[in-house]
Each structure stands twice: as structure tokens, then as C-alpha cells.
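Per-chain numbering from 1; labels A, B, C and D assigned in written order.
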Amino acid sequence: MSIASKVKEALVGLKAGRVTLDYPAQPRPAPENFRGRPIFDAQKCIGCAGCANNCPAREILVFDVCQEIRILKYLGRRCTYCGRCADVCPEKAITMSREFETATNKIGDVQQRLDLFMSTCQRCGRCFKEPSPLEQLKLKGYRVDDLENERWIFRSRAYLESEPVVDDIKIELD
Amino acid sequence: MIAREKLDQLKAGAGSAILRAVLPSDRCVFVFVEPSALKKVCQYVFRDLDARYVTSIGADDRPFSGSFLVAHNFAFDRDHLLCSILTEIPADNPVVDSISEVVPPANWAERELRDLVGIKLNGHPYPKRLVLPDGWPEDSHPLRKDVPWNFVPPDYDDEREYEFGDPPEGCTVVPFGPFHPTLDEPAHFRLYVDGERVRGCEYRGFMAHRGIEKLAESVLTYNDIPIMAERICGICGCVHNVTYAQAVESAAALQAPPRAEYLRTILLELERLHSHLLWVGLACHIVGFDTLFMQCFRIREPVMWVAEKITGNRKTYGLCVIGGVRRDLTVELKAELQQVLDRLETEWKAVTGAVLKDRNIQQRTCGVGVADRKLVKEAGLVGPVARAAGVDIDCRRDHPYAAYDRVAFDVITAADGDVWSRVVVRAREVFESIKIIRQCLEKMERGPIQLTLKDELPAGRMGMSSVEAPRGECHHFVITGEDNRPRRWRVRAPTYQNLQGVPMMIKDQQLADMTITLGSIDPCFSCTDRLETIDLKSGATRVWSPEELLKLGRNKQTL
Amino acid sequence: MLKNLCQKMFGRSLWVYHANSGGCNGCDIEVLNVLTPYYDVERFGIKLVGSPRHADVMLCQGPAMRSTAKALRAAYDAMPSPKLVFAIGGCACGGGIWHDSYPVLGPVEKVVPVNFYIPGCPPRPEAIIYGVAVAAGLVDKKVAPVEFKQLNLPIPRYHPSDLKGRGEMVVYEKAEKI
Amino acid sequence: MTHNMLWRIVGGLANVQAVLLVAPLCEGVLRKVTAFLQSRKGPPLCQPYIDLLKLLGKEDIESGESPSLQRFVSKLALAAALTVACLVPMGFAAPMNGAGDVILLIYLLTLCGICTLLGGLAAGSTYSLLGIGREMMTMIALEPLFAIALLVGAVHVGSFRLDAVLNGSVYAAQGIPWSGLILLVVMIMSFQAFVQRVPFDIAEAETELMEGPLSEYSGPKLALFKWAQMVRLVVHSGLFVALFVPWGSGLAFPLGWMLFWAKVLVLVLLVTVVAATHARYRIDQAIRYFAGLLAVAFGALALAAYGF
């Protein structure tokens, strides 16, 4: 049998020597422009919901409790770490951190929830300057996404003109 | 103007059937024909003009043109031309005659458009369900415009099992179940095994069908879809990303800046590097040679690290947006990339030197899973599987895209089309990719990496693009639409065609070779999203009844 | 005495069974990467086994799909009792980009009870090793929910019936000017 | 008489205890050296002990055709391997050598193979049935090889008594021991198959048949099967050392015992290196390979009959 090629294969391994990194002991930081967990900076965020519109996984939910307060909830469950929200944010409030060690036993740990004071803003969407015409704000005005079972409530002209696509949620406020 | 000559050839052959033709560029031509003449024209193109069948598309255009649209895409590799033959079918009774008898590779794509868009095919040899989950009722078709993306029909019953054909006489059924150590994704094979010989197989795929085309038409916008396109398949994500971006750009007549094209070429080749290294490792793992599996993955890690530094993620690069690329290559990244390539080349030379002369592996792979030139033509096989059979097709040279026309490389082919020649072809293609990346790094000039778009993309335009994925030709077809999202987006992954050849490859083979033959086409079922069942003319007694299979699945047996 | 000695050994010898229920195979390749020389989880006693009957930990990749839900549940039931389930990647933890698409049921927790989540798309091999280390109790988890409240003065409530559609905008009619 | 009986029981127990404890260590060494060849760190040496303990603590799922047979067979597999350990001289004289002769040893070796067959049959899932088919084929081609080796030794020494045969009797012919040397080569080339390591672990090929016959076992039953497999590795290498590498076993107690285990360790390292650098054979290739070896072994037996 081809003993020569067997020896060569064994040599390939032995020449490389033991390369195992002792990971949990020595830390292995991610490179600089790594797309880790997005961090939402509440000071800079103006509540324009531009990131919510451009998130492919549709997991930044926006819920207008009332005239003055807008809740922006980043779920982190199905986030694909693509960095689109950080690209389109007009105020650079979202930064892609270098954090990747996000293992947990309760999925609620990775979410971030911001209650933003909007005073009398009618959420008309003009404050969101989109980088290119392809990223226009799809949903303007008040938004009542479903925070409990973490779903976007979506009205799109691509669909039936009048009634909403998803069964409208009934809000029984206290 | 090659497209003009080909169109005249078509007019000569098909005569009056052609209604109108659209020639957006010298690379692709769209020909509208009457529904009645579709089969004749497709036969003429596939048989007489010796075109290669690519895919078929069914689209529901009722809100816009009031009719259904069926398109069959062919590729003329020697003339560097993609040709699409389209027909419009009246909305009230969407019936078209199927071309699967004359163009065998079209078998699956047609059954898929029957499932998803509800266009009836008369004369289809095997009109079984293909795409939707087992319990889906017959009359509901998700890709129609009047149904939202998360609509599940009320009479969807979970208990209905897919009715398999019964096995041939004297064969036991081996369920090669959804979860198998060598299968990366869920795919259920029913192998008809006689002793150690596999007589035939029946495959119920589509467990990875996630309805991505419906999402693209209803919820996501132009610049969200590349992120989803990247997650069609975990290994060739960048390929789908670039193909989609190029398809939309060709539809909207945009031209990405040259630096972006060089960046796209570099990252496509980087992905081919890590995909081929991964495959050689996995093939050795399937054959039981774990040391080489570990060595291949060890050599591959630096490629993943440098990709992570350039794009921010090891595997899903998030590279393209419509009109360019999101991130640039700095000078120190370029130097680091060259170091990684040099080290990779020396180590891979050592490994290929050892493997290509290793008779032990040759014993397990020579003469196994043979796919000759005739099977390549009949099943429309693409990529390394076709090149291993001596068929000289490669999208990078036949349908040049990105910066491939400014780069010199040669296409590797082998002779006898078995698993061993596929190993050889893939191992040698690694060196070609390294050569391409080096040339791109030298020729790259400074410049913008994204196009500045003035207004929204025009609606109703058609575009298609073919990119050479590590597994073969990956083809996307796009019809642009309003509201910043495409009207129809069709994905045809290379494994879609290659898997049609597997039943013919494993016929009368050893059971132990089943896994290595299936592995040799480097299947990516999540890429495929759609698959086919081979039929076995069998009237013999039933060895395993479906109830037994259900019982097998129900109680505490492993599947 | 032998019983709790065996239970104690559970953490140091985890036999892993790999179940992809329909996602893209990005996370599968990262799980394979975790076995390769640079990361080598075999030093923690982790081994990939072929049948759920031998396994202690089930690695779920991909969302819970209508077509594979039964097979996933059958594989979960076939595992002997002290067992863990890891959900790896965005698709398993939250259902992925296609979480509400017609063939997808949602995250894997809709079919099998999940003990540990490892988010990421795909998670780095180090993140998977970190998840295993958290499960084995070697390290403690680093993430906690972030809650930011700007102010909580008494806010007048409104009812959705006051929301009117004006053109493509949804506007709150009775906005009294503050 | 009682002193002799007492010595046999104590000796037997010592042998069994030694084999039971050393077998997982040899497996640990095997996994560590394989990992080193694959340029990675590899598990700690005591990992097989931890695996066995964990398996013993797990729940036992009763599935398959006949659970009672499964329980019996898993115990039988370990028992058969350990009785062979009692008959093999491990550094000092075999404690039970009077109790049995060469024929008993051959039958015990086949019994180990049959246990995996019974185990697979009792499970009854399609994969284990296929695994048994392959296991039967390898057994038919494989067991005669070891039997012939023992017979050649018996022919040379002229008696079936174990202690006579099991110390290098293969080379006892006048002049150059041709049959012994041929048998040595044949045994080295087929040793991988006896201990079911990579080139020939076709029956429980993990990637193809989902662990083959063992795919239905969990918890304690699986632990016993795995332990039996480890013990077979040690026992087979012990037999090989006793038959073909006898020199130095007659030394004083501590030295002879140490030398025996050193030889076994060298054999395990040889098995590891071969296992790490080879791909798995297909069943028909393996059968053709064994058929060739069997023919050569019969030739050696004929030579031995004529006294070479």
C-alpha cells in the first residue's frame, strides 16, 4: 500500500505540531471591525425607527405607548449581526460591538429595550435621511408592533390595499 | 453581436412562434413565445442548438399584466449567452404543456412551479409534490399574490405522511433518515437495498424549504434581500449574495464601480477556497480518514480568520448592496491576505502531494458514483461534477461577471467522472483560486466602492445572472417591482441540478458508497430548497408498509 | 453513592448529537469546526456520536420546520434521560429571518425544550465553546437584559381607535399641543 | 490442592482486575496519540473512565425486539472477554492454564464476536441488521486466522495445553521457524481487524451506519459493550504478545509484569498509528484482503505440519 503517502500525511500533521488554542483560559478577542452584538445608545437615539425598517430579521420592534413615549425593543433572538441597522442609523446611535460571547440559558438576556421621550412628534419619518433611495422608511407614523409574541405588525402597499395583512392586535390598555 | 445572431438562429428554427424579444445586453436575451409553441421551441433550443438547461420560473403577474408567466432559462456556454424563453398564460385556467419529456433536467423546476404558483402541467412524467410540507393541501399555492407570506391554509393536517412508492421485489428499505451523521442538513432518503447493493432510492427533500422567495416579494426590500440571500446556504453564502446583486443590477441597467467588482471577485474566490478545503476534509471524514479531515480544517482556519478581519464575520460576509460593496480592503489587510495565501499554498501543496498518490483513498473512490458525459447532459449537472466528467463548462469564463474578464485562469477538468476525479478537480481548483486572488490584488485601482443611486429602481424589468459557485453554476432570475422590492426572485442553486444525477450514480452500488457518492457532489440541501424523487417501476410485494415506517418513527426507535 | 458520582461525571463527558432541522448549514460547519485542531472540544470530553440513543446533548440548528418537527421530536425522545438541548444560531434561538414564513413553525423551543441558547449567525466556534463552558459551569454568562427608561411622569393614554390613516401615514388625531 | 485452587482464584481475580482497569487507560492513550497525530490537544488520559462512569449513570431506554436478551448479551460480551483474560499469561504464569486448552480459547474468541451479533439482532432496527450482516462477514473471514495461529503453535509443541502453547511455541520448529515468521506477518497485517480499529471497523462504521449494531443501546448496556470493546483490545494484544513476542516473560515478578505491559503499550501505539493514517475499507475489499491472508495462513499451517 502507498506507505510513502501515508508517511507524508502523518508528517503534515506532525510538522504543524499541536495548534490547539486554550480558549476559555486565554481570551480570543474578535478583530476590530467585527460585527458582534449591536449596542443601542439611548442618548443619541431619536426614535426615527429607521433601523427597525431596515432590519432583515425584523426583530427591532417599535411600540408607541402614547403620544410622548416610544418603546424600541431589540430582541437579539434572531439577529443576524449583519450591521444594516448601524449603517442606516442617521445619528450613529447603533454601534456593532466586538462582543460574541452571548451564550445564555434564558434568551431574554440578549434583548435591549429603550423607552424614548418623543414629546409631540407625529412620527412623520422626515428625520430619517436614508443613505440611498432603496432604504426609504416603509412604515411611517404610529406603530403598534406586538411586543409579547415578538412580531412585526406590517402594512404594505404591495399587498391588499385596505385591510392589514396580519390579524390586527387588539390593544386593551388599562 | 452574438445575441442578435442567436436570435436570428432561433427565428429560423422556431419561425412564427416568437412574439417579441428583448435584448438588454450582449450577454442575455429574453424571447416571448406563444404557450402552444413552448415545448417545440424548448426542444429546438435544447437538442438542436445544444444549449444547457438552467432552470424554469413560474411567476404570478396577475396584478400587473393580468396573466401568469412561465420562463425556461437556457445557457449557450460557448457563445457566452444566457437565453430565457417566456410565455404568458391566461389567468383563468393556468395550464401549460410540460417540457420534461424533451428536456429531462426540467423535471424538478416544473414540479416546483406547479406546487408554488399553481400552474398545471399536462404531460409531466412524475407530477408528485416536491416543495411544500407533507400536510399542505393540494389547492393552496403560497407564491400567488393574493396570499400573504405567513398564511397557512386551514385544512393543513399534520398527520398526512408523504406517500412513498413501494420498493422493488426482494429489497429491504433503509431509511437514510433526516438526521444522519454525514448529512449536514435534513434530507430523507429511502434506499432500496438488496443485501449490500442499492437498487434504487426515493428521496423526499425540501425539509429546508423556508419560503425565502415569498418573503422577498412581500416583506423585505432590495437591500435587505442580499442579507437573506446569503443565508440560503451556509457555505456558499457570498455566491448567492453577489448573484442576486448582479441580477438586480443587470435588470436596472446599473454598473458597479470597478473597485467593487474586484472586491466581489476576491471574496468569491476566498469563499471557493474555504468551501473546497471544507469539502476535501468532509470527503475524508465520510471515507473514515479523520486525520486528513482535521488537517484540511486546520489549513482552512487562517482563511476564515482573514475573511473575518476583512468583512466582520467568518462566513456570512454581508458583502453586496445594490450597486456596490459595503466594506473596503485596507493596505494592511491586503498584506495579511497575501501572507495567508502563501502559507496556504505551501501547506496545500504538501497535502495534495500526499493525497493524490494515496492508493488507500483511491480504493474507496475510484469507479464509485460514475457520472459520464451523457448523464451530465441529461441531468444538466454543473460545476466540478461536470468538469470531472470532462465537460468543459465554467461560468467564470463562459459568462464572465465581476472582474473575471480581466483575470487569467484555466479551467481544470478530469476524464472519468467518478468520485476520485472530483477530488482531483476540487483539489487543483484551490490553486487556481489563489492565482486569481493574487492577480486581483495587483490590478485593483483606487476608486469608489458604491454607486450613488438617484431614484428608485424601475419596475417591471427582467434580469438574470449566473455565478460559478464552488459546487457549480448558481443562477438567479429577478423581475423588479414597486415599493422598493422585486416582483419575483427565483433562486436556482447548483446542488439542485447535481442531486438529480445522484439516483443514477448510486444505482447498483454498495450501500457503503452511498454516503461518499452523495458527499462527492458536495450537496447543500438548504441551498437546494427543492428536490426530486426518482421513480422505480415496481409492482412487487411490499416489504415495509408505510404504517410500519410510521410506527418506526412513532415509538422510541431512531429514525 | 455510585449514582451521584455518575451524575457528577455528566458535565465532563458530553456526547453530542447533531440535529439540523432545516436551516442553512452555516452553524453545522461551525460545530464541525469546534472539533478541529484549533478549537478541539475533545479536551472537554465532547465527542460527536451518530445516534441519539448514545447522546447526552442535542445541538439544534435551523428553525423548527413543519416538515422536520416530528423527526426532531422523535430524536429528542430517543435520547436517554439526563439530556440537554442547545439551540445554536439565530434560526434555532429565534426562528431566523424566516421566523413567520409559511413552512416555518418558529424557534426550536416550539418543538423541544431548550436548555441553552448560543446566538450568532453563525456563532463563532469560540462562542460555541463559551456556551458549552457556561453549560458545564466553567464560566458564568456575560449577557444581561438592558433596560433604559428616560422618564416616568403620568402619561395620558390613547386608544388605537383614535389612530386614523391619512394617506400612507397613521396619525393620532386628538394630539393636544403641550 | 487447596493452595493450588486458592492461587488460581487469586491469580484469576488479579488478572481480571488488571485488565478491567488498564483497558480504559489504553483507550485513553489511543485517543491521545490519535489527537497528537491530528495536531490537536486531545482528551485527558482518564477520559474513557469518565465516559464509562457517565454512561453507567444514564437512564436505560428499553427499545428494540427483546430487551431481556439485550441485557443478557451486554453482560455476556464483557464476561467472555474477561474469561479470555484469565487464560492469557500476563507477565506471570496464566492462573487458569490448567482449566482450558487451545480449543476453549478459540471458542471464547468467537463468543466475543457472537455477542455483538446477538446484540444487533436483539435491537432489530434496520441499521443494526445491516451492521450484523457486515459483522458476520468479517467474523467468518477473521476468526480462522487466530485459530490457525494457535493450531500452528500446538502442532509445534505437540500438545493442546495452554501454558505450553502460549509462550512462543510458534517458533519451536527446528532450524528457521518459517511458519512462525509467516504467521507473524499475517497476524500483524490483520491485527487491526481483531481490535476493530479504523481500516476494518466496518461493522460499527460511525459515519455510515449510525454505530451499527450498537445503535439501539443506551446507558449501562452501552457502557458494558464499550468496556468489552476496550478489554478486547488489551486481551488481543496480550494474546499476540504471548504467542509471538514471548522473550523476557520468564523474568522475576516485577520485571516480567512490567515488560508485558510495555509490549502491550507498543502494540496499542502501532494500532493507533495505523488507525490514524488509514481510510476505512469497504466490506467487499476487506473480505478480499482477508481471503488472501487466510490462504497464506493455511500455507503456514501446512508447513508447520511438515515440521518447519
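Just so we're on the same page, a contact is a pair of C-beta atoms (placed from the backbone, for glycine too) under 8 Å apart; a residue touches a chain by one contact, two chains touch by 3 or more.
What you see is a predicted model, and the numbers here were worked out from it, not measured in a lab.
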item: Chain pair showing more contacts of the two, A-C and A-D; value: A-C
item: Furthest chain, CA centroid comparison against subunit B; value: D
item: Subunit A and subunit C, separation of their C-alpha mean positions in angstrom; value: 16
item: Separation of mean Cα positions, subunit D and subunit A [Å, integer]; value: 57
item: Geometric centre distance via CA averages, subunit C-subunit B, whole Å; value: 29
item: Overlap residues in subunit D, where contacts from two or more other chains coincide; value: 37-41, 61, 63, 127, 206-207, 210, 215-216, 276-278
item: Overlap residues in subunit B, where contacts from two or more other chains coincide; value: 150, 180-181, 220, 227-228, 231, 291, 294-295, 298, 313, 316, 360, 556-558
item: Contacts with 2+ other chains: residues of subunit C; value: 36-38, 40, 43, 50-51, 53, 78, 96-97, 100, 121, 124
item: Chain contact graph, described as a line, ring, star, complete graph or other shape; value: complete
item: Interface residues, subunit D side, partner subunit A - complex; value: 36-41, 273, 276-278
item: Of subunit C, residues touching subunit D in the complex; value: 2-3, 5-7, 9-10, 12-13, 15, 36-38, 40, 42-43, 45, 47, 49-51, 53-54, 56, 78, 80-82
item: Touch list for subunit D against partner subunit B, complex; value: 34, 37-40, 61, 63, 125-127, 129-130, 133, 198-199, 201-202, 205-208, 210, 215-216, 276-285
item: Residues of subunit B that touch subunit C when the two form their complex; value: 132-135, 142, 149-152, 158, 177-181, 184-186, 188, 206-212, 214-215, 220, 227-228, 231-235, 237, 278, 282, 293-294, 297-298, 301, 304, 313-316, 524-527, 553-554, 556-559
item: Contact footprint of subunit B on subunit A as seen in their complex; value: 1-2, 4-6, 8-13, 16, 19, 30-31, 33-35, 54-56, 58, 80-84, 87, 96, 132-136, 138, 154, 156-160, 165-166
